[in-house]
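Report on one structure; see the data block that follows.
Residue numbering begins at 1 within each chain, and the chains themselves are lettered A, B, C and D in the order written.
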Amino acid sequence: MINIGIIGAGRIGKVHLQSITYHVKNACVKAVADPYINEETEKLIRNLGVQKVCRDYKEILGDPEIDAVLVCSSTDTHAAVSIEAIEAGKHVFCEKPVDHALERIQAVADALAAHPDCRFQVGFNRRFDHNFAAVRKAYDEGRIGEAHILKITSRDPEPPNPAYIKVSGGMFLDMTIHDFDMACFLTDSDVEEVYVQSAVLVDPAIGEQGDVDTAIITLKMTNGALAVIDNSRRAVYGYDQRAELFGSKGMAATANDTLSTVVISNGEGVTGEKPLFFFLERYMESFAEEMRQFVNACETGGEVPVGIHAGMQSVKIGLAARRSVEEHRPVKVSEMDAV
Amino acid sequence: MINIGIIGAGRIGKVHLQSITYHVKNACVKAVADPYINEETEKLIRNLGVQKVCRDYKEILGDPEIDAVLVCSSTDTHAAVSIEAIEAGKHVFCEKPVDHALERIQAVADALAAHPDCRFQVGFNRRFDHNFAAVRKAYDEGRIGEAHILKITSRDPEPPNPAYIKVSGGMFLDMTIHDFDMACFLTDSDVEEVYVQSAVLVDPAIGEQGDVDTAIITLKMTNGALAVIDNSRRAVYGYDQRAELFGSKGMAATANDTLSTVVISNGEGVTGEKPLFFFLERYMESFAEEMRQFVNACETGGEVPVGIHAGMQSVKIGLAARRSVEEHRPVKVSEMDAV
Amino acid sequence: MINIGIIGAGRIGKVHLQSITYHVKNACVKAVADPYINEETEKLIRNLGVQKVCRDYKEILGDPEIDAVLVCSSTDTHAAVSIEAIEAGKHVFCEKPVDHALERIQAVADALAAHPDCRFQVGFNRRFDHNFAAVRKAYDEGRIGEAHILKITSRDPEPPNPAYIKVSGGMFLDMTIHDFDMACFLTDSDVEEVYVQSAVLVDPAIGEQGDVDTAIITLKMTNGALAVIDNSRRAVYGYDQRAELFGSKGMAATANDTLSTVVISNGEGVTGEKPLFFFLERYMESFAEEMRQFVNACETGGEVPVGIHAGMQSVKIGLAARRSVEEHRPVKVSEMDAV
Amino acid sequence: MINIGIIGAGRIGKVHLQSITYHVKNACVKAVADPYINEETEKLIRNLGVQKVCRDYKEILGDPEIDAVLVCSSTDTHAAVSIEAIEAGKHVFCEKPVDHALERIQAVADALAAHPDCRFQVGFNRRFDHNFAAVRKAYDEGRIGEAHILKITSRDPEPPNPAYIKVSGGMFLDMTIHDFDMACFLTDSDVEEVYVQSAVLVDPAIGEQGDVDTAIITLKMTNGALAVIDNSRRAVYGYDQRAELFGSKGMAATANDTLSTVVISNGEGVTGEKPLFFFLERYMESFAEEMRQFVNACETGGEVPVGIHAGMQSVKIGLAARRSVEEHRPVKVSEMDAV
């Protein structure tokens, strides 16, 4: 049984609390820390059986009964808190992105190198989605052959509010970062080069923040495969999350999940349901599965499924994508090493 | 090259004329006869290169250059004209049903027994539909195993006018007769017993004609398989024509054909096209294919794909279905032998 | 918060225990009773936080802290235990079928009439399945119009062992009973008449037990709609659970659920996943939802979604189906009233 | 009735001959010219009722009874023959590409400017495909809203032989040229900028010819939409031809066409048919439709659906794509004006 402390009681912190409580057999949340916690949230947390609710995450780091912490605080604190937790001897699950700055991610990597027994996992939950995991499985089983073309469609149902866009690091570090990690996951490869063609088509207010809301991003993978991601901040039909991996022996393609399989035929046509609305609906089971695998790695000392390398790569690709937009040219990910 | 005469220039006669002209390489329509032909139809026929247009079908039967005739006149004349044609030494393609009376179908069978060189085909065109033919192919290849359950859905987009219902012989001999033949075709078997549960749900005027418009018909096949047909005279979404054959090794199921594969996703859902509207849209290619196979049988002396046995069986089953409704009990098809 | 006692710790008892523990917020399992309980099961139950594990269900009935019981014992005890529980002042959730004998179901109904505050729910979990519930919702919203034809496909992946068949009451009371209830649920109507065409096609050993393994069952609903159920004890591709409701304004149809949406295209074709294997995979969420609704009815005093009427009807229809096979004729459900 | 002469009796010339003979009511092929014609081909042509078969296309141009010519000769002769035909007063249907050299396409445009009554159509048949035409229709009807992202998948079942690659102008001018035109058609817009990420993954022999066999091509359309094309010279599952247009109000997506809708469920999964094998299977009806529309334009003097502008644009985009590969950068189509 792994005892867990959660640092940050925002939306994603609560998701993990519920996942562990209801869906992870060999773990137990002992404490939750959040400096801005309100009464309602505290009540919700206590109702799920958590013994300690506090404001200072250092109480968690100092608790010898706690084996592992989930870093669910704001992005700018991920790296620092993670390093403290590593040095306090805890296993760490850190939400994505680890940081917007590569040198701070490197500092986490350095801390991990000094603490080889620490299990450190990054929160790329989509790898655990039933559909995407099945594509990777088909690839691993040799049913696709050599990977030639990967296509990822990733469209949100609605844009975040403009204030959030400012602090989010922009679409590539906030939204596409999941797709960059997915590209690496599905092809089992890193990215060599990025080219972005982007636009502001959804909302001019996003452009006024210096960001884009629509993009086609081409990737050259280090294993030779080509990949393309298309992003939009608003699909009127809901959250559109698909992938298609094409190779020398075949193609694996996913469709969106829906609430039911019901199809209505009438004078207008033959109509099925829209995709599940957004990430909390679509990816809830994947949040549980990433927790299960993290807890298992902590308990058995086995490898985590998503380590610091993935956390670093995804941000590098995101920064390369930003530069591609600025300089309107293909950018090698290795150019970011000098950032 | 087979020279063909068409007897009857109504809707289905014109369909066959066009099929042969455009889609059958080794046949040519030399003459068309129809006592009620009008100028417009005559012009249409001549524009397709037909040399002789006449009122009396006996001109066709007497023409030594004509190898085969298509009997497309009204149902009550099918048997008599077919027998005359057989005796005149022509090959015969006869529209369905051969007749509503079993003794007249038997008379045709007797004429055929006396003229073994005559190729005689009945117009069950749906056997040549790409979807249904693919189900039978899968069955023949052993991919379904032993047949256990066959389901046929057959629903029209709109009911015929009440006047037609009166002369049509009722839903079972007019509409379901295609499905009875399909059940025999897809299971490669005859029918042993019929039970009908039916209702008037679409239009009370149909009930006033003594007919039904909605039915579920259970068949016990002679090979042991069970089959069920569901019929409606009105599906608001269009012509619904599907089959599903389930057996010991697997299931083959068809979907409806559509004008395009386009699917529109929006705030209402994910909407594909309705089925093709009615039989002229859905089955046009099957009409051409039945002609090709008939002409080939005439030319090579090979077997026709749908002979007098199928013509007889389908009517027997239809009559048994009518009796099942009247007597509200399962009826053996063999009971019809005494009709 | 509703305190629950579970009577019977077999497969379905454990399913409900887990559902309540993990998925029902306002309920708590306080006790489990099973005369044949073993150490392993007891450990499993205690690990889920259940305080009392006993052999005699009367301990549960006598516990004043327990508000509601789940009757998950063997079928032959359902009615007697339910009546005892009703008289002990407990709310009751009774697994299906309530009994094989109508008079014993009537005895339960009589007990309920004498205890109007008792909430009594029958375990027809499939009504809570996301797909079937969506069909009913479409019907309630008027999107189907008047119901004309209902089709239910219900096929198991493999037959039960022969010993079970003997005590199960036969396919109609064991397996089809769910489909009978589904027919009533989806058309919001009772059944007037039943006709069965059945066969032994899967395994002769089933026939030797006096049972059948393949059937097409036609129902005439009291609201005038027609319905058909097709059953098989073995579909090689897995658990096949579909429904299609066709009416004057449109059709709602469901497909099977799968583990993922992945489709592989290669030289063999375009291949998607098989249906989820069996009822524990397919219906797990529906088991949770029926518990949520039962607990809510207990807590609020509102109506249960599936009451004794449904429990009685489904068995009557099953008995009528058996008689239809024996006497090879359509049987009115009202004939069972005299049983 | 339009009298037609066909110049070039290769594969595509024969396709048009058959389309006109069987599927275009108001046209008639009077003559076919091909310097390399053999006996077998001549026989085939005569069997379809063509009166004149000759070696010199000038016989066709000089025949006053011929209203329109189809230029189906080798690509390097398209422009010169078209200009001769225009000057001879014929309407012209010219196969794609009009030429590999922009100045020669400009010469055709100049000839057309001098002969305003000439109907000149370019052979981008895919615009007439039922699926792609339905996407454009949905867009024209406002169901997609403003176009944001267009995705085209275009993969051949097998690469051409290496000798053909040499003379074809490379993948972008031979294969992708159809997709460039499709991008313009589906968004009703020209292309502003092209970026190509390409590779040799299918066959090293293609790389040895200086060509590529796999590519992801990003387009910026002049109306602001973004588009991406993915190409492969070999999809093991057959010809993959899909498009998806995403906009402010919805998305229209197509699937591949198949021989039948049959789906087989068994222990391996649920398997549908592969896409139709190649362009002759998939696009046969679109070849007929482009002929119908060309003939109608000739007969009525109306506008052709695909004129010299489309012929010019597609080659410009193809040349820009080639330069993007050579110089590894995004290339504006306007840069080609100076070629």
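Methods note: a residue touches a chain if its C-beta (ideal position, glycine included) is under 8 Å from a C-beta of that chain, and two chains touch if they have at least 3 such contacts.
As the structure is a computational prediction, the values presented were derived from the model and not from experiment.
Trainee: Report which of B-D and A-B is connected by more C-beta pairs in contact.
Mentor: B-D
Trainee: I need the pair from A-C, B-C or A-B whose contacts repeat those of C-D. Over half of the residue-number contact pairs should coincide.
Mentor: Equivalent chain pair to C-D in A-C, B-C or A-B: A-B.
Trainee: Need the CA-centroid distance for the pair subunit B / subunit D, whole Å please.
Mentor: The answer is 40 Å.
Trainee: So the centre of each chain is just the mean of its C-alpha atoms; given that, what is the distance between subunit A and subunit D in Å?
Mentor: The computed centroid separation for subunit A versus subunit D comes out at 42 Å.
Trainee: Calculate how many whole Å lie between the centre of subunit A and the centre of subunit B, each centre taken as the average of the chain's C-alpha atoms.
Mentor: Measuring from centre to centre gives 58 Å for this pair.
Trainee: Would you give the residues of subunit B that are in contact with at least 2 other chains, written as numbers and ranges?
Mentor: Residues 235-237, 249-251, 264-267, 273 of subunit B each touch two or more of the other chains.
Trainee: Can you list the subunit A residues touching subunit C in their complex?
Mentor: Per the touch definition, subunit A meets subunit C at residues 22-23, 130-131, 133-135, 138, 143, 249-257, 259-267, 273.
Trainee: For a test of understanding, state which residues of subunit A touch subunit D in their complex under the given definition.
Mentor: Residues of subunit A touching subunit D: 146, 148-149, 151, 153, 155, 193, 195, 197-199, 201-202, 214-216, 218-220, 224-228, 230, 232, 234-237, 240, 246, 248-251, 328-330.
Trainee: Across the complex, what residues on subunit B touch subunit A?
Mentor: So the residues of subunit B touching subunit A come out as 235-237, 264-274.
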